[in-house]
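Letters are used for the chains, namely A, B, C and D, taken in the order the chains are written, and counting of residues starts over at 1 for each.
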Amino acid sequence: MATFSDTGLLLLITLIKIAVVVSVMLTSIAYLTWLERKVVARIQSRWGPCRVGLYGLLQPLADGIKFILKEDIVPVEADAFLYWFAPFVGFILAFLSIAVIPFGESISIHGHTISFQITDLNVGLLFIFAVTSLGVYSIALAGWSSNSKYPLLGGLRSSAQMISYELSLGLAVVGVVMITGTLSLRGIVDSQAGFWHIRGLNTFIPHWNIFVQPLGFLVYFTAAIAETNRVPFDLPEGETELVGGFHTEYSSMKFAMFFMAEYANMITVSCLATILFFGGWHGPTFGPYLLRALLPSFWFCLKLFCFLFFYIWMRGTLPRFRYDQLMAFGWKFLFPAGILNVLATSLVVAWTSSS
Amino acid sequence: METLLILMLLPPLAGAAVNGVLGRRLPQAAISLIGCGAAGFSMLFALLCAWTYSISAAQPAPFIHSYFTWIEAGSLRADYALYYDRLTLVMTVTVTVVAFLIHLYSRGYMQHEGGYYRFFTYLNLFLFMMLTLVTAANYPLMFVGWEGVGLCSYLLIGFYFRRPAAADAGKKAFIVTRIGDAGFAVGVALLFWTFGSLNFQETFGRIIALPAGEMQGTMTAVGLLLFLGAVGKSAQIPLYVWLPDAMEGPTPVSALIHAATMVTAGVYLVARSSPIYSHAPQALQVVAVIGCVTAFFAATIALTQNDLKRMLAYSTISQLGYMFIGCGVGAFAAGIFHLMTHACFKSLLFLAAGSVMHALDGELDMRKMGGLRRKMKTTFLTFFIATLAISGVPGLSGFFSKDEILAGAYEGPLGQPWLYWLGAFTAGLTALYMFRGLFLTFFGKSRLTPDLEHHVHESGSKMTVPLLVLALFSIVAGDVSWPKAFGGSESFDRYLEPVFKPSEDSLRAFAPSAAHGPGSDALMIFALLFAGLGILVAYWFYLRSTRLPALLAERFSLLYNTLLHKYYVDEFYDWLIVRPLRVGSEKLLWQECDVGAIDGVMVNGTAKLVDDAGGFLRRIQSGNIRSYASWVLLGATVWLAYVLWPR
Amino acid sequence: MIPIAHVLALSVALFVIGAAGFVFRKNIITVFMCIELMLNAVNLAFIGFSRYLGNLDGHLFVFFVIVVAAAEASVGLAIIIALNRNRDSLNIDDLDSMKM
Amino acid sequence: MLILFYVCAVLAVLAALSVVAQRTPIYSALSLIVVLCALAVVYLLLDAEFIAVIQVIVYAGAIMVLFVYVIMLLNAGREEPSQRSRMARWLGAPLLAAFLVEILIAVWNQFPAGNSRPAGVLNAGPAAIGHLLFRNYVLPFEATSILILVAIMGAVVLAKREF
């Protein structure tokens, strides 16, 4: 029965972890919308939601109820299966990539080590890329299955855009992978513990990759914004040109799924940025065991929050790109910059490892 | 020495290469400088070679140097090796000197012709090939030169290739000499088969060492085959027909190739191969007979020719015949001697004729000339000297050499009286037709058209200087060998003795009792008598009573027409060979074999088979990818079934 | 442990299904996808053998197959676009001008 | 583990059948993506994590996106029925069946059922593959880079409007 208890316990713990992560994700997505509305409103000198509950804190709930209650309209000429399938797959994929994200260090309970991570793949980083690369289908299929011209244009735009920027995204990460020498996200975070030492001297600068990969980070974050179709790269849903882009025809829960997928993706890439460049959960830890165990998760969430705030901040600040500018920027600036970063990093790594 | 030898050969090759590649863009002056310079250097080195060889210690023995291995196949090994002995010395000096002078002459003659660079390219190439021919140390290399000069001859005869006659003459020369070349090649092959070597030194050494009578059959066969090559190249009966037509080429070419050098290659071949002939007296007799008959035959044709150059061409054939008489009776040195003197005076005759032609705007019909001696003094003078020389007037070169041949024809190892008498009579004919030509061209009243009358002028110094030099040679070239009758010592004979003595000795073994004639003095007097008679007749017919030739022609119209039409040999050949060949080719080879068998059965049959099969198989190639995929699948299934089949 | 025969059987099944698509389907894009399916079947066989033989070379082959497939897809789809533009048809039965 | 394999196998086969059977190219493409993902899982089960991820990233995430993109661009609808290949029509199915049977026989002959030599754990992580790729297979690797470059240029030239 030992085997049962082991396997069963593992399964149980994993299931609990999944449940926790998903519920936390859903909640954060809900309150991310609230945050966004609030912040953008403040940027635009408005109040934002403030009627429903304290500071409008119940607004997401109201929105959810509204979405659920609304009529689900399916256009006559639409491809019914794909029309349903597209938001669904987008939603699923957005949540799938959370599975390998480590939110914090492990905690020991009764001799069992429980890590703040659903599963640690040794190709975790690639896994996230694999999943995000599939995300394009959601948008492309949504655009196509609506059988309507604006969604179709939006879908085409998004497929081209996401494929293009995925290259830069991948290239930006290669630098970090070369420095840390692993594709496991936990391994990457572990390698960023402590401080930078110059000639044995503690600089008290955190041992984060951002300090050796600034270009990589810039490329990564720019490409990430494009990958998530956020301002200023939200061409697939640019409402001024394409009405609503790929989700023009969508309504009700399906629309909500797109929305949630988008925010989930924002969270994912922000998590990734934290993990890859900002030391993940590393931060000052102190206090009793429980606090020491939970503090890393706090730091992680803090960093994540900064990125999300940055996202929103940009949305309130920057105008949208024109499509050809977007492609030119992606291929002619971001991509070469990524290659330059890889080249420089590889040279430095080769030099330091050989000397 | 080896350096000098190769230096003698290389300038013409380099000149040909430079002119051939760059000539189109070079000015005439540069082309002629390169061309003549090449020939000049070649002559210079030829003379240096001669001098070096003459003062070298090992002098009478041949100098042989192998530069590199050229062919090595099985037991056949042919080096690029050069062979230099006294015979080579005579040949190279003669060839280079005459060639140099003719190069100089060509500067003037070709000035206004197209393809100036082409002409000098060919001429230089010819010189290189000719030198290769005479300096080769083995038969394959000699064959290269042999074919090379043939090629240049073809190119130069057809120099005015836009004129059908010239192009045809070039082809004729090429094809006719090819018959001879085949003989040469087969002869060489036979020689190789017999001795396993083609080096002169090795082969000849072994042949000389043979006891008399040994391997006579093989030697006769080789000798006759080689002589077939010589017949083709040197325009002897029955393959002489190409030479008169070859006069379509530019006159310097006629002088150089078709009078002085290339056509004498046959004589050189026979002389060089003298050890072979020394064991094949029958073959040598054939050589003598053909030479003698050709000499007489060509001389009679020359009597009636009205075209100046054609007359000279037949004269050349006739004189070549003399040389073969010399070789054929075993008096090789006499043949070579005549070759040398002939090179001087015959090229002079041609060049002078070219000068006339130049002045008369290409006119060659002697009946339309006359009285040119006052207007073209130098040309006349030189032509006159050459005529005297060829006619055998005592004191000039031709007299000595011809006399030596005639003496040899009587007294040589294989001499026979009738050879002498026919030869002597031919000498008279030679004098007759040569003086006829002289008188018709330069004496009497002018029969020129008024247009030409004004046009006539003496040629420039570019042309007259070589004429004068050659005239000098024509006078003095014979002096190298004064006959015994004149108190001389036949020094040329003696000079070439190391080359020919063994052959002549072994020939004497075959004919120990050569005819003892009336002595060389008497022989000489007879020959002189014939020559004098010829001159007199010419004087009578063509200067005194000029109607007489026409009367005679009328009276003996059959004979005259026969002669005028060159014994109808061309027509005969046409009837015997060309027509049947053409008809046979057309009817049998073309219509039956080619159209019926090859085209019908093999070519079209194969095509039809393929076409039918394709017509069936093309259904497979439907252009439909799915069908193709099915075929691939079929193939895979069948193959898998084959692999899996339980065995 | 997964038996190699089962992996191969899956591979064979996929391959034959792909071949069937190639033979029976007329839409050129579908046919193209069937080729990709066959390539994947082969990749699976490579991976299976790699596992069976404990040799990584099979993975490398798969890697190269994927790269070649990517190149092939880009060029092939470009050809399809050009074809569609010139002939206004995606039916493979219409593309039969390469014949006698 | 084994169960997961069979589930994925069945899923892959069904999806593959769907690729062939679907009348609309977009559904074929989606079915093919399902096949690819199922195969990725199979690869994972066969210790080929790197290839599995590459399969999803490159095949499903890039190549198939290209397909979907082209299908959307050309608006490829249901295919028109046409039977221009008699060969494929009459011989196709029997040949396929024969081929399937033959090759299955070959597999069974070679690897009788149940023969699964456990070959330890295959270390097929990115590092191992990277070592192999940049040591033993450097030349093919560079060749593929040239191939890709050529393919890019070819695609650009072919798809350009000016012909």
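Keep this in mind: a contact is a pair of C-beta atoms (placed from the backbone, for glycine too) under 8 Å apart; a residue touches a chain by one contact, two chains touch by 3 or more.
In this text, all values refer to a predicted model and were calculated from it rather than measured experimentally.
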item	value
Centre-most chain [mean C-alpha coordinates]	C
Separation of mean Cα positions, subunit C and subunit B [Å, integer]	76
Subunit B and subunit D, separation of their C-alpha mean positions in angstrom	80
For subunit C paired with subunit D, centre-to-centre distance based on mean C-alpha positions, whole Å	6
Length of the line joining the C-alpha centres of subunit A and subunit D, rounded to whole Å	29
Residue numbers of subunit C (touch at least two other chains)	19, 23-24, 26, 93, 96
Contacts with two or more other chains, residues of subunit B listed in rising order	622, 624, 626, 629-630, 633
Overall pattern in which the protein chains touch one another (line/ring/star/complete/other)	other
Touching residues on subunit D, where the partner in the complex is subunit A	26, 30, 33, 40, 49-50, 53-54, 56-57, 60-62, 65-66, 68-69, 71-73, 125-126
Subunit D contact footprint on subunit C (complex, rising order)	1-10, 12-21, 23-27, 29-30, 32-34, 36-37, 40, 43-44, 47-48, 50-54, 56-57, 59-60, 62-64, 66-75, 77-82, 84-86, 90-91, 93-94, 96
Residues of subunit D that touch subunit B when the two form their complex	84-88, 91-92, 95-96, 98-99, 102-103, 105-106, 109
Residues on subunit B engaged by subunit C in the complex (per definition of touch)	614, 618, 621-626, 629-630, 633
Residues on subunit C engaged by subunit B in the complex (per definition of touch)	19, 22-24, 26, 31, 92-93, 95-100
